[in-house]
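What follows is chain A paired twice: with chain B in the first complex and chain C in the second.
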Partner chain A sequence: MGIELKQVSKRVGAEIHIHPTDLVLDAGGFNVLLGTTLAGKTTLMRLMAGLEAPSGGEVWFDGKNVTGIPVQKRSVAMVYQAFINYPSFTVFDNIASPLRVARVARGEIRTRVGKIAELLRLTPMLDRLPAELSGGQQQRTALARALVKNAPLVLLDEPLANLDYKLREELRDELPKLFQDTGATVVYATSEPLEALMLGGHTATVHEGRITQYGATAQVYRTPNTLLTARVFSDPPINTATVDKQGDTFVFGDAAHWPVTEKYAVLPNGIYTLGIRPHHVTVTGEHADGVVVRGIVQIAEISGSESIVRVEVAGNSWVSRSHGVHPFEVGDTVELHMQVQRCLYFDSGGELVAS
Partner chain B sequence: MPEEQNMAKITLQNIKHSYLRQPVESQDYALKEVDAVWSNGGAYALLGPSGCGKTTLLNIISGLLTPSEGRVFFDDNDVTDIPTIERRIAQIFQFPVVYDTMTVFDNLAFPLRNRGVAEDKVKLRVNEVAVMLDLEDSLKRRASGLTADGKQKISLGRGLVREDVNVIMFDEPLTVIDPHLKWLLRSKLKELHQQLGITMIYVTHDQTEALTFADRVLVMYDGTVVQVGTPVDLFERPGHTFVGHFIGSPGMNILPCEIRDGAASFAGNVLQTASPLPTADNERVEVGVRPEFVRFDDSGFAVEIVKIDDLGRYKIVVVRCNDSTLKMIVDEDIRIPSESPRISFDPEYTRLYTDGWVVE
Partner chain C sequence: MKNQKWLVPTFYIVFLMLPIYWLLNMSFKTTNEILGTFSMFPLEFTLDNYKKIFTDPTWYNGYLNSITYVVINTLISVTVALPAAYAFSRYRFLGDKHLFFWLLTNRMAPPAVFALPFFQLYSAFELFDTHIAVALAHCLFNIPLAVWILEGFMSGVPKELDETAYLDGYSFWRFFVRIFVPTIAAGIGVAAFFCFMYSWVELLLAKTLTSVAAKPIAATMTRTASTAGYELGLLAAAGTLTIIPGAVVIYFVRNYIAKGFALGRV
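Up next, the complex of A and B:
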């Protein structure tokens, strides 16, 4: 189903929750809303569902204005972060409940619940009560209930946030597949950039009640139009610094300078904000286009396979992320290799001018 | 600062625990058989999925639970039957425990005043701890106005303020903390550990938290400790297929393996591995290799690409070979062959497993 927001806004009292927003979702696809807590993701979903009325603008489904139509008549399914199941119903009855409300024939209920249960690997648990299930199984039951309706719009609000991370990994992998063949348009809210990338599809970055960018997920990640989008779509945070383009050289204070290559040659001389992701500033120098910058170690974290270090580079607090395990002492000066071809350059208004 | 003699080595000897009154079979035990030694001043993590027994083990160390079998020692003293309060343990839980109506200062002073410490000494010690935790500017504020991470720091501060603690134990302490603050608080814990040298035990299901905090990690699965090692050990040399699967994202590929004519092979392809060949017959043999150690290699064996997930920094490529699928992590700079892809495993990080356990 096609979903479109036309200048949709939401204000509560004097507070603006959503600024006037235009958005056309990828119909029949997976759409991620990415932003921190309170960025406005849940409000956007509630406006799509009809659980809240917009203060201005219109919501359109398949070319029809549905702005005044209540949630019951919009055929949407929604799954929340907390697993909501009826505690006294078996898994079967939980999944069947929306079909019973819709007065679907008994035989068809059995067939449809059976099919969904099979898909979500809940078949052996159909006679159990939610309390007898693990967290992952409870959330799969809630998902099954949303799926069984065959709703053309499915809204998933951080549905995996309460699960162990291994389970999260598994369901993240399964979810896009589950919806692929249903034709439903899916909207999925998350605060984790990595989760957005894993889910793929399209992503809208949300910041303080505004959608800062919408497009194919990997593209928004690689080519953020603004510094704000780059910040929303980075964990650990993207590194930034002020650089000066002087003729054929970029000058990063006293820390480093490097030649302006062909693709940046068109930029006028002047001050820019450079953005570079932590994994492009590494302690190992395996890249040919690496420029050395020096940083003072502030915090170091070593996992079994990676080293993540917060360093101060010419007065900026940066994060460097490298393969392998490297020892660091707080206060030490380290040499970092910055892949300058990976730099993003933003103008004073935070707009991307070159990447 | 805590005195050296106050701290202790913790030894768990043949610990078994069942919540049933008359346990019969192995499945009746939440802890099946745990032996562990936690040296004085170490930073440990207990890592495992929900239900693996890690909280049971923590409660046995703290004395909230008496084990069905086995003994607990602090240094050479058997403390199995000694109550929690006499074990001198500080505990920090998932949800911060603070007195909302008290100031930060009074919260931190509480454990000392409770023990009748003189007020001038209380003041000295609270200020010391506040400096360690960067709380010195909020000492006069009411605790109710603080954010979750501020409150969690107070919980931690109340543990640190006592100079007689043997061990500080954390049970999923960062669950309620916002993602971008997690790593600051985690680094703070690490820094405090280095500064104070108190034994710390950190319980979590989150591999990142365990691996970045601890010098040694105990991985638990189904009531037993399946591996104890440094983060690098667990990543590079998983001792059990569960460790390979649970640590790493995505986890280790675990593939069927055939032993024939003195060689190990997967899907008809002979493999070089870091393991000797298993000697016993009739055991299920598998080969384990992490996605990080699988690469495109024209001299390797043929596979079919099923799916490519672009995660920005790297791609996860799912490939199929016969009936098995496996994952590989491919850096963003590496070209993925479009025609007849072939792959190989890095022999140094490829191991054989029999019935789940590594062959060494």
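Up next, the complex of A and C:
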């Protein structure tokens, strides 16, 4: 189903939760809303579902204005971060409930619930109450209820955030597959950039009640239109610094300088903001176009096969992420290899210049 | 002192149970024995007191009257409190917090304050000496209490549950009856229990608003003590029977009450 927001806004009292927003979602695909807590992801979803009325603008489904239509008549399914199931119903009744309300024939209910339960590995739990299930099973029940009614729009509001690591990985792999064949348009809110990348599809980055960019996930990641989007879509946060373009050289204070490539040759001289992701500033590996910068170690952290170091580079606090385990002492000076062809340049207004 | 840990609780329990035991003890004695000798158990064991209560309509009607208005009151209180508590727990409206607190302050006034206005009002509407009069009068205290208790239980249910039901296509009332009420069944049990108990033990209003047709058992008991001499055995039997309904109700809701205490609302 095609979902379109036309100048949709939401105000509560004097507080603006959503600034006027235009958005056309990828119909039948996976759409990720990426942003920090309180960025407005949930509000956007609630506006799509009809749980909240917009203060301005219109919501359109398949070329029809549904702004005033109550949630019951919109045929939308939603799964929350908290595991929401009807506590007094068994798992079977929970999954069957949307079909019962829609007066689907009893035999058909049984087959459809059976099929979904099989898919989500809930078959042995059908007679239990939600309170007797593990967290993962509870959330799978909620997902089953969202799937069973074949809603053309499915909203998933950080559905994996409350699950432990292993279960999260598992369900995250399953999710896109589950919805692939249904033809439903899926909207998935998350605060984790990595999760957005793993889910693929399209991504809208949300920041303080605005959608800063919308497009294919990989593309938004690779070429963020603004510094803001780059910041939202980077974990650990993207490194920034001020660089000065002087003729055919980018000058990064006293730390480094490198030649301007053809792509940026047309830029006028002056000050730009450089953005580079932590895994492009590494302690290892010589790159053909790598530039060496020196930094002082502030915090070092080793996680499994990666070393994450916070370093001070020419007065900027940067994060470097490298493969392998590298011991660091706080206060050491380290050499970092910066892949300058990965640098993004933003003008004074925070807009990406060329790419 | 090492092996005397049992001493204090035992003393306390004996202290608590003694009056109840004495009531039970007296109910199996004749009035003469009660007045004449002091004994820890009935010397002339008799069931006459109970027989009299179960056969004499002026006695057993007292129980029937009490149970009738208590049940009516509990039903009204819980039914009215459910939507009110839902509104307090789910919506923000002008003065909601003040209204919620004001409801509770209704319980701060002693019932005696309301005896005269209620008497006047119900007499004017010819409701005097009816079960519904007592049931309605007790609502003044029980509805705020039920709202307070139910609001606590309802606020423990995430709002997303309501929304999920709407997304599934439930209308408000269908959701409320089919999903929400079963979800807070424990809270309803606790609220009903407190309404029942209050209404069951309240004497002043019940006595003021009735004379014959709806006279509660507690009023019957006071009459017996004053007119027909001291029928102490009979009185003790009546008292014993008065404890039973409360004990039965407590037995059924004891687990829910524990839950209610955990939520901090009981």
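We take it that the second predicted complex is superposed on the first by the 352 of 355 C-alpha atoms of A that agree within 3 Å, B and C clash if a C-alpha of one lies under 4 Å from a C-alpha of the other, contacts with A are read in each partner's own complex, and residues count from 1 in each chain.
Here is the rule we use: contacts are C-beta pairs under 8 Å (C-beta built on N, C-alpha and C of every residue); 3 or more make two chains touch, one makes a residue touch a chain.
Keep in mind the model is a prediction, meaning the values are calculated, not measured.
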Side-by-side fit of chain B and chain C on chain A, or clash: fit
Partner chain in contact with A:Glu335 - chain B first, chain C second, else both or neither: neither
Partner chain(s) touched by A:Pro87 [first = chain B, second = chain C, both, neither]: second
Chain B versus chain C as contact partner of A:Glu108, first or second or both or neither: neither
More chain A residues in contact [chain B versus chain C]: B
Partner chain(s) touched by A:Asp22 [first = chain B, second = chain C, both, neither]: neither
Contacts of A:Ser305 with chain B and chain C, given as first, second, both or neither: first
First, second, both or neither for A:Glu351, with chain B first and chain C second: neither
After superposition on chain A, the shortest CA separation from chain B to chain C (Å): 18
Doubly contacted residues of chain A, that is, touched by chain B and again by chain C: none
Chain A to chain B touching residues, read off their complex: 36-37, 134-135, 164-166, 169, 191-192, 194, 197-198, 200, 218, 221-222, 235-237, 277, 279, 299-305, 308, 310, 325, 330
Contact set on chain A toward chain C in their complex: 49, 51, 70-72, 76-78, 80, 82, 84, 86-89, 97-98, 101-102, 142, 145, 149
Partner chain A, residues of chain C touching it in the complex: 158, 160-161, 163-171, 174, 179, 182-183, 185
Touching residues on chain B, where the partner in the complex is chain A: 49-51, 178-180, 183-184, 186-187, 190-191, 205-208, 211-212, 231-236, 245-251, 292, 309-313
